[in-house]
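The same chain A turns up in both complexes below, where it pairs with chain B and then with chain C.
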Partner chain A sequence: MSPSLCVTVRLTSPPLVTLGGVSKREGKKMGLLSILRKLKSTPDQEVRILLLGLDNGGKTTLLKQLASEDISHITPTQGFNIKSVQSQGFKLNVWDIGGQRKIRPYWRNYFENTDVLIYVIDSADRKRFEETGQELAELLDEEKLSGVPVLIFANKQDLLTAAPASEIAEGLNLHTIRDRMWQIQSCSALTGEGIQEGMNWVCKSVNSKKK
Partner chain B sequence: MFGYIWQYVYTSFLRYWLKWLIRQATGTCELQRICSGYKPGALRTTKAEFSLQSSKNKVLKVALETSTNNLEQCVDQIMKEKNIKPQRDPRFKESLHICLLQMTGYSSLYRSVEELRKEVYSSDNPKHEAMLLKLWDLLVPTVRLESRITKQWGDIGFQGDDPKTDFRGMGLLGLINLVFFSENYTMEARQVLSHANHPKLGYSYAIVGINLTEMAYSLLRSGALKPHFYNTVQGVPELRHFHQLYCYLAYEFDKFWVAEEPESIMQFNQYREKFHNIVKSHLQDPEVCLTLTFSSKN
Partner chain C sequence: MKLNRFLIRYYPPGIILEYETRGQQRIKSIDLLHLTPETNPDELLEEIRQSERLITESRAEQVKQLILRLQQKLGQQDHHRFCFCKELKAHILPLTNVAFDKSGSRFITGSYDRTCRVWDTASGTELHKLEGHKNVVYAVSFNNPYGDKIATGSFDKTCKLWCAETGKCFHTFRGHMAEIVCLAFNPHSTLVATGSMDATAKLWDVESGKEVATLTGHTAEILSVYFNTVGNQLVTGSFDHTVAIWDVATGRRIHTLIGHIKEISNVQFNWDCSLIVTGSMDKTCKLWETVSGKCVATLGGHKEEVLDVCFDLSGQHVATASADGTARVFSATTHECLVTLEGHDGEVSKVCFSPQGGRVLTASSDKTARLWDVQTGVCLHVLEGHTDEIFSCIFNYEGNTIITGSKDNTCRIWY
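For the complex of A and B:
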């Protein structure tokens, strides 16, 4: 299955779209996508979300938590997982790509048409903060991801040794990001805490991007 | 709809009358007919299991929850209850006993497996650590591990410098399976590892192994492995039988992967699903035996 195939933005009502005098035909010229994005709160709009981060960050647990699935039998992700979740009038197609170093070169195959990037960090694994920061910086430099809003989940806050989100934000120099919307959210994919807040931000950023 | 009604009528009334009728005609109860009519294995045990489960008789129903040591007594009680004379059906007692050992053994095997799965890998536990190092030595005896935390773990398919984070939801069970395969089928395990390290067709040996442990575990949990164990173990299935099944999956998955030549490791879950379906379809066959076809060194 090619990842790009799954990306469609569609309306449930017939696509008779006229916006400020722009006819459907002209609309096509400037990209149906961009017009549809201008429509606020379109029901069932599909959103492509990319879930990245180092191995053992908790991406798959987060994905399963989003889909309300059992999280007790998770194994390392070889390749990728995908799930669709309904949330606030959106159909979120979430792509969870394995974080192992060996398959990070494949990440770029999934960049195209990404609406929001979610980057997951193991807040308790301080030894790998530098590595995770580097990977994130490289992602933010990617042309195909330019302008894509990024949500950073400071995961595993249920662990006593977890660094607070503020410390991680500072370590990653998040305040220097100027070319896109970004947000850091502390969470625990295990207990579910903080995930809803993060996803609210995701939906909000998709909405504001369309305006 | 009609199917449902029929099923309801059949299970609640018809089956009972039918059994009674046949019993009057042949002078044998359903369990006797099952034990004498089917050869030992999944067919016989599955039918006996169904018969016990759907029985309205308390003595028969509790048989499935009886512990292994009390099963013989339990068989005696069933024979008394059903008025079965050992002289007239001398083989019945032994047959039913084996069936019951298999049925209750399956549940206790699941409990033991679950216990191992729930045991989290801990670097502070010397037994766990020894097992991990043993895995390395079995798979790559010619190369020394430079240190406990090293990139070398990637050579046998762990994700990072420290394998401990890779066991996750499968806990110690994942490691034990990996070690069991390497120890009892050393040549085959190394052969599979060499395929996994192929530059183009490769995959991550250890984490795919852990993934296949999950497959074995969920098949066990759903009851799908019953026919396999009923056919291969004439008694109580033990942990090693479960590890054997893992070896089958590890070896067969590798064969499948190599034959399919997937485009890249990113296609893993697709092919895993395909393989999973093949295994499940094998398990539909009442004669199923998922055993490796070559002899082990032990």
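For the complex of A and C:
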């Protein structure tokens, strides 16, 4: 549980960037029925985004940052969180799925109808690069995710020990991905830096896929 | 025809007759939906005798005693306070729906962890873990009143039928092309109806495990299936904005109920099968006459989507739950809004009546469930403790135990 120290330190830094392009948070539409509504194959202007990655990678912080919500009290996700945000004419329905080892086998519950996969990596947690690489490789082999564009967020760049995106890309052999569009983006879910650029790429890839 | 014996049914009030005709055992029900503690039992007895030849002079006193017992039970009403709560760390992922058996001694929970679990209500111990589905277990049901079988509908596109006693899987119903999100046993427990995101509903034979019929016609996801009390009709509600009534024997569509202008959230028959209630994302609830398929009332007032709707067991009241954070109770006869239940700090996604009809239970994204008095609209109790939104809430048959299922991976027993 070493990262807890880092979190304390990081919380003191103020947000550097506000997310100008992502706006107008949708009203909180929950309940089982709204989950079903978001489950169905999405019409043209709706995009289903799956947010995956190891535990403590910063998925929920990223999600809350996208929705302009308070990120000071985030606990490990035991199930999932869903938020909808508007961006560039799209309604992005983002599903943040818990990343703890015991619940990773259940990621496939959520694969159906995914338009874009966002994979979040803790760039400072070098000890788990191998583990996160394996999980990503397995996801890319999933039939239900075949051809789905993947954005890799090299998160926690606000930490001094963070590996740069280029190093992570090389470590994960991203250049060998041939069957889909992919992109790696360095970011800090805490400060918001880099997130907008990543989401721009998401919208671009959806645009080219849905046309 | 020979009358063998009487059975009593408390909720809704009724007397069941077991009789023999041409050597065959039959049952019929005398529904006393409007019975109150104030009803004159002698006048009622006379009324029953005039319409029911099986009740002869020698049986009259027995029937009167049953009426008095029903009245006594009604007089007790539902004063239960629900002061105690037991938390069960039921699943490793969020719960979906929950269901009781008839006696309330057991209940079942569905979950994103792909299992359905059977629980002993009194002790809170897990009796069985029903494993085998390959995706979220979304819809769950006992075959009440029997309670010896359980059906589970899953996002893996299959429905499974289980033995409630042993946890053994009897059948896997395959055929739907998308997630199964609703299901129901018919009253005789010979059929299971499933509704799917593939826009069809299917009927399955409980005994053989074979598909009996596919109900096609909806053009979008089916969210709700409900048998009438007799079991000869099924109603389905769809995201295509329409509702359909089906003849169970032939699988043919009898009526399409058109009028809502957005997705349907839930559908139900009332007890005497004369009316259907529907809730919709168009912020209204409608009442329809079963025979004609005509809309008889539009119950408005909600400022956001109606997410759930139900009748009380006697069919006198309708309750609605809305994304506007309120619930409402309407008269099913005058169509008037009787009370608005205000207090939740988030949308209300589920609503149900106590079996006695005097209480309404609501579940909300504000992490609480609330108990309300139907007459006054007063909130009697806030069921607090869940750490994430509540997806489902139910009463047991006696009305003295509540189960809530939450996104926080737990369920709670309130008694």
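Note that in this section the second predicted complex is superposed on the first by the 167 of 211 C-alpha atoms of A that agree within 3 Å, B and C clash if a C-alpha of one lies under 4 Å from a C-alpha of the other, contacts with A are read in each partner's own complex, and residues count from 1 in each chain.
As a convention for this text, a contact is a pair of C-beta atoms (placed from the backbone, for glycine too) under 8 Å apart; a residue touches a chain by one contact, two chains touch by 3 or more.
Just so you know, these numbers come straight off a predicted model, no measurement behind them.
With both structures placed on the common chain, the touch criterion links A:90 to neither chain B nor chain C.
In the superposition on chain A, contact is made by A:55 with chain B only, not with chain C.
Applying the stated contact rule after C-alpha superposition, one finds that A:76 touches chain B and leaves chain C untouched.
By the touch criterion defined above, A:101 lies against chain B but remains apart from chain C after alignment on the C-alpha atoms of chain A. Once chain A of one complex is fitted onto chain A of the other, the partner contacts of A:201 are absent, as it touches neither chain B nor chain C.
In the superposition on chain A, A:109 contacts both chain B and chain C. The residues of chain A shared by its contacts with chain B and with chain C are 78-80, 102-103, 106, 109. Residues of chain C touching chain A in their complex: 92-94, 96-97, 112-114, 135-136, 138, 155, 179, 181, 197, 220-221, 223, 239, 263, 265, 307-308, 323, 346-347, 349-350, 365, 388-389, 391-392, 407-409.
Considering their complex, residues 27-33, 36-37, 39-40, 78-80, 98, 102-103, 106, 108-109, 112 of chain A touch chain C. Those residues of chain A lying in contact with chain B across their complex are 1, 55-56, 71-76, 78-81, 99-103, 106, 109.
The residues of chain B lying in touch with chain A in their complex are 154, 159-160, 165-166, 168-170, 174, 203-204, 207-208, 210-211, 213-214, 217-218, 264-270, 272.
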